[in-house]
Amino acid sequence: MQSLLNQLPIGISIGAVLLLIALGLTFTFGQMGVINMAHGEFIMAGAYTAYMLQDWAGDEAVLVALPVAFAVAGALGWLLERLAIRHFYGRPLDTLLLTWGVSLVLQQAARDLFGAPNVQVAAPPWLTGRVTLLGGALPYPRLFIMALAVACVAGIWVYLNRSRQGRRMRAVMQNRELAAVSGVATARVDQLTFFVGSGLAGVAGVALTLIGPVGPSLGTYYIVDAFLVVVAGGLGRLRGAVIAALALGMLNSFAEFWTDASLAKVIVFAVIIAFLQVRPQGLFVLRTRRLT
Amino acid sequence: MSDALLQIRGLKVVFDGFTALDGVDLTVGHGELRFLIGPNGAGKTTLIDVVTGLTRPAAGSVSFAGTELTGRREHRIVRLGIGRTFQTSVVFEELTVLENLDLAAGFRRPLPTLLLRRRGVPDAVAAALDTIGLGALADRPAGVLSHGQRQWLEIGMLIAQRPRLLLLDEPVAGMGRGERERTGELLTEIAREHTVVVVEHDMEFLRRYASQVTVLHEGRVLVEGDVATVQADPRVQEVYLGRGREEAA
Amino acid sequence: MSPRLRGYALFAAVGLLVLVVAPLTLPAFRLDELAKYLCLAIAALGIGLAWGQGGMLTLGQGVFFGLGGYAMAMYLKLHDAGGDLPDFMTWSGVERLPALWKPFANPAVAVAAVVAVPVAAAVVLGALVFRQRVRGAYFAILTQALAAAFVILLVGRQGLTGGTNGLTNFYDFFGQDPEAESTQRTMYFVTATVLGALYLAARQLVRSRFGRLLVAVRDGEDRVRFLGYNPATVKTVTFAVSAGMAGIAGALFVPVVGIISPSLLGVVPSLELVVAVAVGGRYALAGAVLGAVVMNYAKTSFSEQWAGGWLYLEGALFILVMTLAPKGAVGLYEQARDALARRRPAPAPVPDRPKTEEVPA
């Protein structure tokens, strides 16, 4: 029971990280039909940003890195959209392969810049320690990650539902042509979505430095699960992404707890396939009458 | 009503709170040519969608030659003998005209024989090709066809399927005058041997080729009868023909 | 020459090159490498079928490759052990032969499993996802997740699978020493012949009515339903065929290379196969084969020079191909041919590339 309770914050915080990663994916997929495999490398870029900032910001590197990593990863995403992806709209499978090429290059670049071995980022001193809740241990770093995810989701929600720019984004997501003829500058909306989505991946990368080492292939460990969140949550749905990310994080950590790490992924995969039998389009879908 | 081929009773369709069809009854007899008209949003296409399995109704029944259709998958319904076209024609551009028709004619073949290459032209395909008059383009990819030719190819694919009931969704939309005329002749020819339901907007086309007409309005059947009766009905003129005349002009 | 005759002539020329010229001119270790590329080309052929013809981007072919490879390797390990436990099991402290291994002591069962297990896995997965109309990018993501899960499972079950090291050190391949030059030479001919036969079979499939149906499903799955076919069946069959090919490829890979291990089957190797198909030309089966051979040759020779450089090159090459030549090398060849033909008075050009994907609904 004790260790079962310890599993809970692990599951939730993994879910929180997955959510931060999946938010960018679900919006770029939902809005532009882009499957960005290089998204994982934006996580990595965020994590290395924190690593680099240690020299300058010392103990508080993680905190300083949050906005910086958002900007760095966001800029990378924006660049990718401008240089390559925008030529591929409407060809999701091709974007998947294109961005995988980009991801290879970025990983190798990280290897050449920072070396292949993993590096560590020291957590701020005020994040060491834990609280005990209902007999289970809740480490501060995990708590911090959860709070970070809540803050980001709240920010995105306000952005989508309360800001004019967010309304434009939803319009483009639901019907690009109609939004375009209604005077929405869709290209600009696309760029912004890409910037914000990639930036969130950078934030996720910073969060990951709190629970593990940083290496050139950091992103590859999370990208597949993050895509599963998108599949299970439904395209471009904030609510779906939140629920699916938490469920997947918990499922992962409890499956590991009950069986072992090697079976956990297989169980997760089987659960997703089973889930798709009931909800083939994910948790939440926009229903339309269109054929194909 | 033993001679009814298609019998729809109390059909209701709801899309996320919007009622698209609300208690529609419709009976189409063997060999009939029925036109389905109504203003935009009347539920014409939805009705066809339900019959062909694309949309699930909230309530009601659709029976085809005594077989209940609701809840069946699309390809099963086709196998029972119902074929349809779409407003925007979808033909397979990579395949030749002949291959398109052959594909349509071939669904009754057992899977193992599909593994063989096509040798020669099956009778049903040849007949369909002849009917739609695209013989000269038989070996050209369907991607090169004009809009009108695509619509005819679709109708040809429908004939090649040898269905007992054909559902055509706005077959002359976007066509020029000549093409419309040709389509009308095609329709008359097909209707001689098949039961056909046509959804149509074009009033001129309706007047020339229709006999029995059902008018839908806001998800309900407004009037049913021959062209003259329907045209004379004041309710129809109010909801539809008044505007329709200008549109068709 | 008619196009059909030209096709046969080309096939015969390539056959001559592979079966006669290469064995006579290449040193033994190069021939061995070529055999490895031909194995991968078999898997690539399956991808060409599923993706190029059927529009199913499968990013998990490594799984089926692995299932075939492990089935073969399990038999070889049991045969070598001669009634005892395979060596790696003793090292990891396994005391009794796991039940999963027992059937593989029989060579007939093992060889049948090479095809049957991947096909069965693909049928189950295909039936479940295609029936629910899960497709396009969703399908790609799922197959990728499957590859990731499969590798983690293999690595984690040390005692059952040999873990990270995989299964290796085979001493007897159906009465032959697998390391001997004569065996390697024989395996080369076997692999080349299997590839040729599977290529012809796949070509027959593509040109059959089923092949036309498959293209129709790729370009308009929903429309095909209204022609009375169940697209899920068409896709499942094709996916299973491609999985069977990957299984055969994996099984041949084991004696040719002498190892099967998780690092050969994961997300990255699976994607690399897809890359090879894209570079060669996804819409032509020959493109898939060509791409696999050329890309893997390039990888080997480039990595010998500059290890890290290959990733840059592969990434860059891929970006370039996707941007400038989405139809790959075969597409470029066809463009050049059409351009040449247009200079002479010639028949009108074939309309250009097909719509490959449905936008997710």
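Observations on the model:
Letters are used for the chains, namely A, B and C, taken in the order the chains are written, and counting of residues starts over at 1 for each.
FYI, a contact is a pair of C-beta atoms (placed from the backbone, for glycine too) under 8 Å apart; a residue touches a chain by one contact, two chains touch by 3 or more.
These figures come from a predicted structure and were not determined experimentally.
By the count of C-beta pairs in contact, the leading chain pair is A-C. With centres taken as mean C-alpha coordinates, the chain found closest to the middle of all protein C-alpha atoms is C.
Taking the mean of the C-alpha atoms as each chain's centre, chain A and chain C sit 31 Å apart. The distance from the centre of chain A to the centre of chain B, each centre being the mean of the chain's C-alpha atoms, comes to 47 Å. The distance from the centre of chain B to the centre of chain C, each centre being the mean of the chain's C-alpha atoms, comes to 43 Å. Shown for chain B are the residues in touch with two or more other chains, namely 86, 90. Among the residues of chain A, those in touch with two or more other chains are 291-292.
Chain C has residues 220, 223 in contact with two or more other chains.
If you check the complex, the residues on chain C that touch chain A are 57, 125, 128-129, 132-134, 136-138, 140-142, 144-146, 148-150, 152-153, 155-157, 220-223, 267, 271, 274-275, 278, 308, 311-312, 314-319, 322-323, 326, 356-361. On the side of chain A, the complex with chain C involves touching residues 29, 33, 35, 84, 87-88, 90-94, 96-98, 100-105, 107-108, 111-112, 220, 224-225, 227-228, 230-231, 235, 260-263, 265-266, 268-269, 272-273, 276-277, 280-281, 288, 290-292. On chain C, the positions that touch chain B within their shared complex are 204-205, 207-210, 212-213, 215-216, 219-220, 223, 225-230, 233, 237, 350-351, 354-355. Listed in rising order, the residues of chain B touching chain C in the complex are 52, 73-75, 78-79, 83-84, 86, 90, 92-95, 99, 102-104, 106-109, 111, 113-118, 141, 143-144, 157, 161.
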